[in-house]
Amino acid sequence: MTYVIEMRNIRKEFPGIVANDDITLQVQPGEIHALLGENGAGKSTLMNVLFGLYQPEQGEIYVKGQKVKITSPNIAGDLGIGMVHQHFMLIDTFTVTENIILGSEPTKAGKIDIKVAEEQVRKLSNQYGLNVDPHAKVRDISVGMQQRVEILKTLYRGAEILIFDEPTAVLTPHEIRELMKIMKLLVSEGKSIILITHKLKEIKEVADKCTVIRRGKGIGTVDVADAEPSQLASMMVGRDIKFQVNQEPYHPGANVLEIKDLTVLDSRKVAAVNSLSLTVKSGEILGVAGVDGNGQSELIEAITGLRKAASGQILLNGKEITQHRPRKITEAGIAHIPEDRHKHGLVLDFSIGHNMVLETYYQRPYSKAGILHFDKIRKQAEKLIKEFDVRTPSVDTPARALSGGNQQKAIIAREIDRDPDLLIAAQPTRGLDVGAIEFIHRRLLEQRKNGKAVLLISLELDEILNLSDRIAVIYEGKIIDIVEPSKVTEDELGLLMAGHHLKGAHENEH
Amino acid sequence: GSSNGDDGSKSSGGDKKKGFKVAMVTDTGGVNDKSFNQSAWEGLQKFGKDNGLKLNTDYKYLQSNQASDYEPNLNTLVHNNGGYNLIFGIGYLMEDAVKKVAAANPNTHFAIVDDVVNAKNVTSITFKEEQGSFLVGVVAGMMTKTNKIGFVGGEKSALIKKFENGFKAGVKSVNPKADVLVQYAGSFSAADKGQAIANSQYGQGADIIYHAAGATGNGVFNEAQNRKKKGDNVWVIGVDRDQYDAGMPEDVTLTSMVKRVDNAVEQLSKDAMNGNYHGGENLQYGLKDNGVGLSEHHDHIPDNVMKKVDDYKKKIINGDIKPPQTDAEYKDFLASLK
Amino acid sequence: MNTKRLSGAMVPVISVLLGLIAGAIIMLISGYNPLQAYGDIFQMVFLTPYYSGETVVTIIPLILSGLSVAFAFRAGLFNIGVEGQLLVGWLASVATALLLPAGLPKVIMIPACIIAAIIGGGIWGFIPGLLKARFKVHEVITTIMMNYIALHTTNAIIRKYFYAEGERTPNIPDSASLSSQFLYNLTAGSRMHWGIIVALIGAVVMWFILWRTSKGYELRAVGFNPDASLYAGMNVNRNMVLSFFISGAFAGVAGAMLGLGTYHYMTINQDFTGIGFDGIAVALLGLNSSFGVILGSILFAALETGEIGMQSLGIPNDLVQVIIALIIFFVASNYIIRWTRDRLKKKGGGAK
Amino acid sequence: MTIMEILEIVIPSAILSATPLILTALGGVFSERSGVVNIGLEGLMIIGAFIGAVFTILFEHIGLGAASPWLALLVAAIIGAAFSLLHAVASITFRADQVVSGVAINFLALGITVFLVKKLFAGSGQTPYIDHRINKIDVPLLHDIPIIGPLFFSNIAYTSYIAIILAFVVWYVLFKTSFGLRLRSVGEHPAAADTLGINVSRMRYLGVALSGALGGLGGAVYVVTIATNFGATTISGEGYLALAAMIFGKWNPLGAMGAALFFGFAQSLSIIGESIPFLKSIPDVYLLIAPYVLTILALAGFVGRADAPKASGVPYIKGQR
């Protein structure tokens, strides 16, 4: 039996860290092979080695039994290896077709033969049921579509072995299901897939084999059919994991946030939020479920003052905060864990300590008469770092140097410490490993327990179902239903999110 | 009061004062600006060679890279190589620096070109640009076929105004019907603007342009050459020095209004070496002293025009005609013509 | 942390050395003696009081111009408009000195003139800031355009309202002058003036605003990440405009130093002073820090004063410009230095 | 003057003075589209102007006659490209701050050229005048066409046509060829390009070298059509204007050309303005600053936000996140 891919005893070092330490990976033709590991375990590194982006210090790679040296993505491509990266490698301003053909364009007398190219893209897209518009600009299409463009890029290059690095982290449940179908279709056509994911459920669903990596070391490979999710989880983190669920009794209090007939325009002046109404009470977690791009981002931006509301009202504790500046809203008692931690959550070039007072630097005791008091800031930062277990070499380390999970913890520490009446948590666990997720969920539940209101926006249905007291489903800028988690199945929720009202609709609509 | 350097110039021969050293500070144009810095340096070099002085010790120049260099450069020459006896500051921009340094160093003699500094140890050298400009105005006024003539200035300064007003007066004296288009580029180094202005003036029918605009004038020449090549009969009158070469090979330089800074510098150096520094005097060089005038190259000017030029030259030297320097004087001059 | 900061500062130092070495090589090739040249510069600038004084005269506006660029950089903005802001500040200070009664005491006159320069330069910086904040117009274009507008406008104003013979304004009254007999005597007749105190105060002010005040924290945050700053409740647009105002104000004060110190008048300028462009280089050489800007200015000014000495050796003064360019170039390419250093360290670490 | 007469003066003159800016701005487009900010355009123009003057003189000297300026343009483009490699090495290979490196290029170009002029021409601060310029001509036949003939085919230099055609060529290359697609991809998202096997450094080197060639050409064209010799002040600010034109034109070759023509037009208009009776009473400072004010107004008024290529100014480090 020859493996289509065999990586033997791979070692890859970065300054100060061994990212891959003697890892072996064997993939059989026509299988979906999962690669599982915590954040920073070394999965992406291993795949980047396979794809020729990194050169390993040690180890050998065999493709279809042949020993190879993959020194560049070109060579990987020639060997039939394609990669869908964790962070998409797409050019926003280019069209789908341009992104796909880039680097191997069909030309006629020097000119790109765009007709031919589009035809090829269309054909491939139809063949695998991907359904992308070759003309569309990448920045105008959804994340799910963008991922399909990434897949097409590899198929266009004739890839036989596809690497998917955390493909589902950014997808909606619907999109995830579509992706699973596509993957199955791909393997049925004889391709092999390496799938990196943190989500055990997905592994269970599609993967044939699973290799687990912990702190750069290979822990082992198991047949997925024989393995329980909990077993995989403990293999991954080296201890038992307890999944947090919202089990405390539900005693909602007064309305903390009231939204009435809110309309918000997006950057293209289209109503992304369309006369939406919603309330969040103290002592509850209200989950907002919905397919990405249905107005969630605009809704949050309007509440937090980052975007102007076109019409409608937003009340916090009964007081109007519509059109207020972000600072007034923050001071009024809203905290916000932003969905993009790099863009909004942190000033990456500031130290982690200074990031801890990003919203409060001008207040006492951090600042008196316009002068900063560094000792106070440091003390606060040290306190939060300790309390929220943010792993950083020091308070002075630039935020940029922290891992994603620790950056997220820092943000959450900062936001929760302000003791807000309303905590808005947008995609709070995106891309994090189960350990970090567990921690964050516990904190959100604590807020609830302390009688605060939490507005949770997430594309992870599990997260919504496990934590929420009520689930508001958002579709095309409107809340089309509010359901209780215990009374709805994941499938029903999926239907709602796709805009189908449930038969025998619930009473507590709005 | 004006007095000319006549006395000194006569006693040029004879006893060379031992150890006489002379130097100059250029403005930012440097000694090869094809203008007054270069002319001054040529004068100084001639003086140095003729009198067997040693370059860089007995006679030298310092170039200024920015305006703030004037003062230190002058001061450097006060002390450098044991100190220079006579130090020229070239250009009106150096007026203040010369004044200050002269005040601080009463035992060194200074000279300033193109401006006046009233101090016992400073000799001021100025030129009557309006006189020379008047003559080339006469040439232009008589030779224009279109009765349109252009004047292109660099910066609108009092100095350049002398060129403009003298020129216009010359034109109007011989050809009251002629119209002078005047435009300033706002810069001495914008060849593109010079060309655009020339294009506009020629385009409006001018056939002769007089420029007093430094390197901006390059554009004027270029435009004229272009037009000449296409068969238009257009001319440029150069400035400061003989700009015959700037008009070649199309030969568009009608003549140039030369300013003999070289002569003035050489003359004063000689006098100073002989002990006459003309301290506190303002040496004004005009037509009378051949300080200004038409260049050697004026082949394209017909004899009758040259005759007229000579007539006017005499009248100016006599004092029968006083070419205007300022706008106000020009207005009076025009009125007097009627 | 400390060693890291130290080695960060090593980069400009090494760049300067490399620049000087490259300059020396050019001199050798062209047949001049570099040791003598550098020796003369050193001798002149540091050991001859007159030239030391003149070097300080050059340093003063350069520090302020460098601070202007560095401040904007810290706030994420690229201010190529220092030239224009400097001209406006220069005119504002001189005009104020000429318009106020000459008999006013220095303690009123000088601050008034400097404040006028701050306002003048500040407004000239404010405009591109506002255009960027309000209309998202790229500051590089607007500051370039504002430079030309300042050049022509200040000239026109001088011609119309403040004209004196010699294509300049009249001299400012003594009460507005930063010069002093003491400094004059101390430096054997140089133009050195008390503006050096102003420049050093400027450096402290920049450091203090940026690193000690909450406003500075805000300005830097906006510079690094406007999105996060907005999220954190800062008014990004207002901060952008404010940064540009402050940056322009520094440039304006640089202009005031020319008016109140170096010249005591303002000339009708045919071209830019060059101080603004040098300021970009000084800021970058100084790693956009106050202290670095001071050091960078000293180096630049020393080289520029040294030109006079080099001319006396017959070395074309343009060579100094080449050396300055090379130094900037090596600063820019500091990666080459870091890379070499890391290489050496690895080797030093021994075989693993 | 009638409107037509005014336009007949203004338009050819606008085109002439815009030509060097168009070429240089096109160079800027190449460089920045590949992800390398190029503040050094001024320096590249200085080099080009220097080479343009020196080599025209040299070629005239060896008897090449009217071909001299044309050959000099070629040399200027080549040397411009070579000189720009300094910027490329610094900013691509050595990951320099691109703004700093560009500023260094400007200083270096001025220092070196003035130094060399002195060495070459016996201490002179500027070169002699060239004898053979590239002249403005009336295009045979076409200049007789009513209205557009006098506006666009009279009194114009072939270099202007070359610049305008080049703008279209550059547009075609950038947006229609695989080279252009790759160049732009490197400026937008180098990591993406890298994973597709595109050599990021090589594309960026090419982008910078092209900017050097075009900037050099722009400077040389300035000399052989306008200035006719080279000195320290020959190029003073044109490179910055070209940079502004590139941004004004939103990093699009045709836009850059339009912006450069706009600058030229604004300047010509301000010059002719002094001869138009109704504008004559306006103090000339208003006309002097008009081109710059107009540009700002245009940007604020209707052009608005322009987005630079995303990766422009960011050194690409393989494997960095």
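In this document, chain identifiers A, B, C and D correspond to the written order of the chains, with residue numbering beginning at 1 in each.
The criterion applied here is as follows: a contact is a pair of C-beta atoms (placed from the backbone, for glycine too) under 8 Å apart; a residue touches a chain by one contact, two chains touch by 3 or more.
Quick caveat, the model's predicted, so the values are computed rather than measured.
J.: Please state whether C-D or A-C has more C-beta contact pairs across its interface.
T.: Most C-beta pairs in contact, of the two: C-D.
J.: Using the average of all C-alpha atoms in each chain as its centre, how far is it in Å between chain C and chain D?
T.: 28
J.: Averaging over Cα atoms per chain, report the distance between chain A and chain C in Å.
T.: The computed centroid separation for chain A versus chain C comes out at 46 Å.
J.: Which integer distance in Å separates the CA centroid of chain A from that of chain D?
T.: Measuring from centre to centre gives 45 Å for this pair.
J.: Using the average of all C-alpha atoms in each chain as its centre, how far is it in Å between chain B and chain C?
T.: 36
J.: Enumerate the residues of chain A that touch no fewer than two other chains.
T.: none
J.: Hunt down the residues of chain D that sit against at least two other chains at once, touch-wise.
T.: 233, 236, 284, 288
J.: Among the residues of chain B, which are close enough to touch at least two other chains?
T.: 156, 186, 189
J.: On the basis of the stated criterion, which chains touch which? Give every pair.
T.: A-C, A-D, B-C, B-D, C-D
J.: Under the definition above, what is the set of chain C residues touching chain B in their complex?
T.: Within the complex, chain C touches chain B at residues 50-51, 54, 57-58, 152, 155, 159, 165-168, 189-191, 258, 262-263, 265, 267-268, 270-271, 273-274, 304-305, 307-308, 311-312, 314, 317.
J.: Within their complex, state which residues of chain C touch chain D.
T.: Those in contact with chain D are residues 30, 78, 80, 131, 134-138, 140-142, 144-146, 148-149, 152-153, 155-156, 271, 277, 280-281, 284, 316, 318-326, 328-329, 331-336, 339.
J.: With touch defined as at the start, can you tell me which chain D residues reach chain A in the complex?
T.: By the definition above, chain D touches chain A via 176-179, 181-182, 184-185, 188-189, 191-198, 310, 318-319, 321.
J.: Touching residues of chain B toward chain D in the complex: what are they?
T.: Listed in rising order, the residues are 29-34, 156, 181, 183-184, 186, 189-193, 195-197, 199-201, 203-204, 215, 218-219, 221-222, 225-226, 229-230, 245-246, 248-249.
J.: Help me check something: in the complex, which residues belonging to chain A touch chain C?
T.: Per the stated touch rule, the residues are 304, 306, 325-331, 336, 338, 343-350, 354, 358-359, 361-362, 366-367, 370-372, 394, 396.
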